[in-house]
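Here's the structure we're looking at; comments come further down.
Letters are used for the chains, namely A, B, C and D, taken in the order the chains are written, and counting of residues starts over at 1 for each.
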Amino acid sequence: MPRQSKPIQSNMGWSTVDRVVVQGLDLTQQLLGKVNLGDMAFLELTGRLPTPQQSAVFNAMLVTLVEHGLTPQAMVARLVHMSAPEALQAAVAAGLCGVGSVFAGGSEGAAKMLQEALTADPKAELAAVARAIVADFRGRRAVIPGLGHARHKPIDPRTPRLFEIAAANQLRGRYVALMELIAVEAERAYNRPLPINGTGAIGALCCELGFDWRIARGIAVIGRAVGLVGHLAEEIRQPIAREIHLRAEDECSTQAQKMHGSLMAS
Amino acid sequence: MPRQSKPIQSNMGWSTVDRVVVQGLDLTQQLLGKVNLGDMAFLELTGRLPTPQQSAVFNAMLVTLVEHGLTPQAMVARLVHMSAPEALQAAVAAGLCGVGSVFAGGSEGAAKMLQEALTADPKAELAAVARAIVADFRGRRAVIPGLGHARHKPIDPRTPRLFEIAAANQLRGRYVALMELIAVEAERAYNRPLPINGTGAIGALCCELGFDWRIARGIAVIGRAVGLVGHLAEEIRQPIAREIHLRAEDECSTQAQKMHGSLMAS
Amino acid sequence: MPRQSKPIQSNMGWSTVDRVVVQGLDLTQQLLGKVNLGDMAFLELTGRLPTPQQSAVFNAMLVTLVEHGLTPQAMVARLVHMSAPEALQAAVAAGLCGVGSVFAGGSEGAAKMLQEALTADPKAELAAVARAIVADFRGRRAVIPGLGHARHKPIDPRTPRLFEIAAANQLRGRYVALMELIAVEAERAYNRPLPINGTGAIGALCCELGFDWRIARGIAVIGRAVGLVGHLAEEIRQPIAREIHLRAEDECSTQAQKMHGSLMAS
Amino acid sequence: MPRQSKPIQSNMGWSTVDRVVVQGLDLTQQLLGKVNLGDMAFLELTGRLPTPQQSAVFNAMLVTLVEHGLTPQAMVARLVHMSAPEALQAAVAAGLCGVGSVFAGGSEGAAKMLQEALTADPKAELAAVARAIVADFRGRRAVIPGLGHARHKPIDPRTPRLFEIAAANQLRGRYVALMELIAVEAERAYNRPLPINGTGAIGALCCELGFDWRIARGIAVIGRAVGLVGHLAEEIRQPIAREIHLRAEDECSTQAQKMHGSLMAS
């Protein structure tokens, strides 16, 4: 017996001869000239436009995620662009492939940790929750997401600024409070500085804005996509990918030939 | 003789223990809470923050590019997410791979056409330039980029709105004028409606904002990245990829078995 | 104090004016005309050419992985090719992005499970190991990798054939034996048919050939890359991506308009 | 009026409860243990198994394409793997994104050039065709695809070996002859050594095997996919991506800080 087909549905957007509708709103009449790209991203993710407060906080989060200098992802985008300049989209795509657990895991993991804790018991006493979380991670010898930074010590300068913006917009709530208590408890338990890093702050603010943790990595992806196109614009003006490639290839090739030569001689 | 190493340089961003600097600006002091994501994209692409007028026009361009319903790219992102839900970044990357000549070629091609025409002679008489361009494309039997639309007839509603926003911000200049003259001349030469479409309008506005045409596709990529994350957010809430896949696989599989069966029988 | 640079090294390949060396072998003298693509893959992964027995088993594994009909990955490659026909490599790349946990997890997971079990105690009694593994997975309510198949019941026809080839080449050893005992024990514990599926068989054979489980997914990626190029060759001759796209877009668009209309009317 | 749905069809593969059929052949009975991966690729691309002669030549072409040392694509795959080790498929995909015009353009372009020339007039006198082609490229100041190599001078060692294998298998025909005449004519016209390079040889052999030039890049993609998985296997055993990244980031960051400092001081 053949499978029964089921209906499919998507409400993201549609158009007619003279209209373009996005999330139920008329693109030209209700969006163009009225909302910025960050607000549009909020609309795409949630189905509704942000309040001015949500807009301020969400744009700050996204702006934080855009640029981090010559990351591996930026190198990747530049190397692909050098090899396939006719397909700029593939260079950005290749760079985004690297927004994985090592680089984007912090905000996703922090959002997951906070949501699971407060979904189970929305009225829980936060200090007790923080103690339980830290004990659980310590017991599993797992790294607590969103804490500590290799360079920014003792504090990550992005975190207080992001929380300040959240407070100014009445969006510094229980998730931020829990994240801060987790950091305090972790510093006590591990007896070393473990400040909330930028991705931890963003993970907490994802929760305050009501985003499912499953989409937190997507917010990092949006920010990085902007940054990678920026790096390609610089690469077009001032190329460095070829030099980076030649240096590495020369070193490996010279070394491999030496090894090969001594193997042959031996 | 070994190759001499050359210095490499990138001014996109760097950080110290207590500072993050992007494009020479302090992230926490000069950017967070002050600029939106569209402005940040402008900063990344050009090295300077936009004026309020540039911000208005650039954000409108980006917002236009975000959402187009269930495009092939959106389907791709959803299908990859279904297959590799643990790697959301790869789903967006796969979708972006499809922002190629068929979908993003319009704005890139229009920007190239306009820039090449007005770079050669910045003071050229625009109507003559338009006639020469249309004659050239016709002679080569090439499609003029940025004109015509399969659905939006006789006009693409995005174009007048984008040009209206540009005019309100003193950014409706010679590139837009040339694009409009090209459309008029093309309609005359081909004797059918060939209005400036959304990507044509965006290509012309890229020129007004001073972007190199080589990065125009990158602006489409930024917009689409936002849209694709939006589609994944919807896919998580309301999945359709599996049904789309099963329908296509069932149909092809049934048909292939029938063919095979009749080949065996014959 | 600046970081001290460390040497980098890669022995994959290098060339001089008149030679190309791959893995220490002369490409034109020692490889071309002498080895097939599967053997070359073995050389790339392990640094040495396969024995005839290893070649037979490894090629059979790879051949198994190539083609699975209109998978989500094949649909993805076709949709991207339709959107960016000038960048065929991006279409394959997009398709490969979907070789994730859902589709390639089986062989990776099975190889990991088997290697961890027999690394801990290479001389362990296999039946006891199998019982411990099944009990562990049951206790964690986790799915045992490499067992069961939605369509191929009660047995996956690929498994006996792959194990037969392995036996004929003296490569059906303790890993295959353990996998089979796990299947028997799982069928007993869960009281339903749980035969070793194709990816489970391949995972076990990865172990017999000495591959680290961390690279098992790479073997699936190689097979799928071949298959995706095959689908693009068919798509060029006999396109279906546009129709697949239009059907889905039409259905979603029509439905969204209806919903929007009734919202407006209410 | 709604669009009329059209049937879709794919004959790549399908399966039933107890059978897997690929290209009309039974996977377990007719393929496993009987064909190698290169033959399987031929089957996927053409719908039929290769003759022994075709198998020899096609495997040699594929083997040639696998490994080229630390290419930009290999660096990309390694950098992505370092950032997202959990998604090995995305690392290969990112590397493949760079198999574009700069690296894979040679074989595609050569195949296109040869096919267009001999399709127009299959019985044309080859020397005259070669002269016309060289004159055409020179007139357009375009680079003739498949000729010349930065390192391999005066000859690319892969070319004579590949043509030798083709001759030994009765597959050195008119396309190879035309490619050789083009090289002779180009060396005469440009008055410098312009030997057929490896990609040029492969482009000509694609024609001898009857492949459409539109899929020639796909053959490079298959070879590179194998090589990239090889590089990831080495990266797992002996990582270099982090060092490559840190060197580049350190240099750019130090330089950018100096510039910034002098700007602040001025």
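Definition applied: a contact is a pair of C-beta atoms (placed from the backbone, for glycine too) under 8 Å apart; a residue touches a chain by one contact, two chains touch by 3 or more.
From a predicted model like this one, the values you see are computed outputs, not experimental measurements.
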Count of contact steps on the shortest path from chain A to chain D: 1
Rigid-body rotation angle, chain C and chain A, from Cα fit (steps of 5°): 180
Reference chain B; chain at largest CA-centroid distance: C
Chain D against chain B, contact positions shared by both copies (same if over half, else different): same
Interface with more contacting C-beta pairs, comparing C-D to B-C: C-D
Where chain B and chain D are represented by their mean Cα positions, the distance between them in whole Å: 29
Distance from chain D to chain C - Cα centre to Cα centre, in angstrom: 22
Between chain B and chain C, centroid-to-centroid distance (C-alpha), Å: 35
Sites on chain C at which at least two other chains make contact: 8-11, 13-16, 69-70, 84, 86-87, 89-90, 93-94, 97-100, 240, 244, 247-248, 252-253, 256
Contact set on chain C toward chain B in their complex: 69-73, 75-76, 79-80, 82-87, 90-91, 93-95, 97-103, 240-241, 244-245, 247-249, 252-253, 256
Residues of chain C that touch chain A when the two form their complex: 7-11, 13-16, 21, 24, 84, 86-87, 89-90, 93-94, 97, 248, 251-253, 255-257, 259-260, 263
Footprint of chain D on chain C - complex, ascending: 2-3, 5-6, 8-20, 22-23, 27-28, 31-33, 35-41, 44-46, 55-56, 59-60, 62-64, 66-70, 74, 87-90, 92-94, 96-100, 104, 151-153, 155, 157-158, 161-162, 164-165, 168, 212, 214-215, 217-223, 225-227, 229-234, 236, 238, 240, 243-244, 246-247, 250, 254
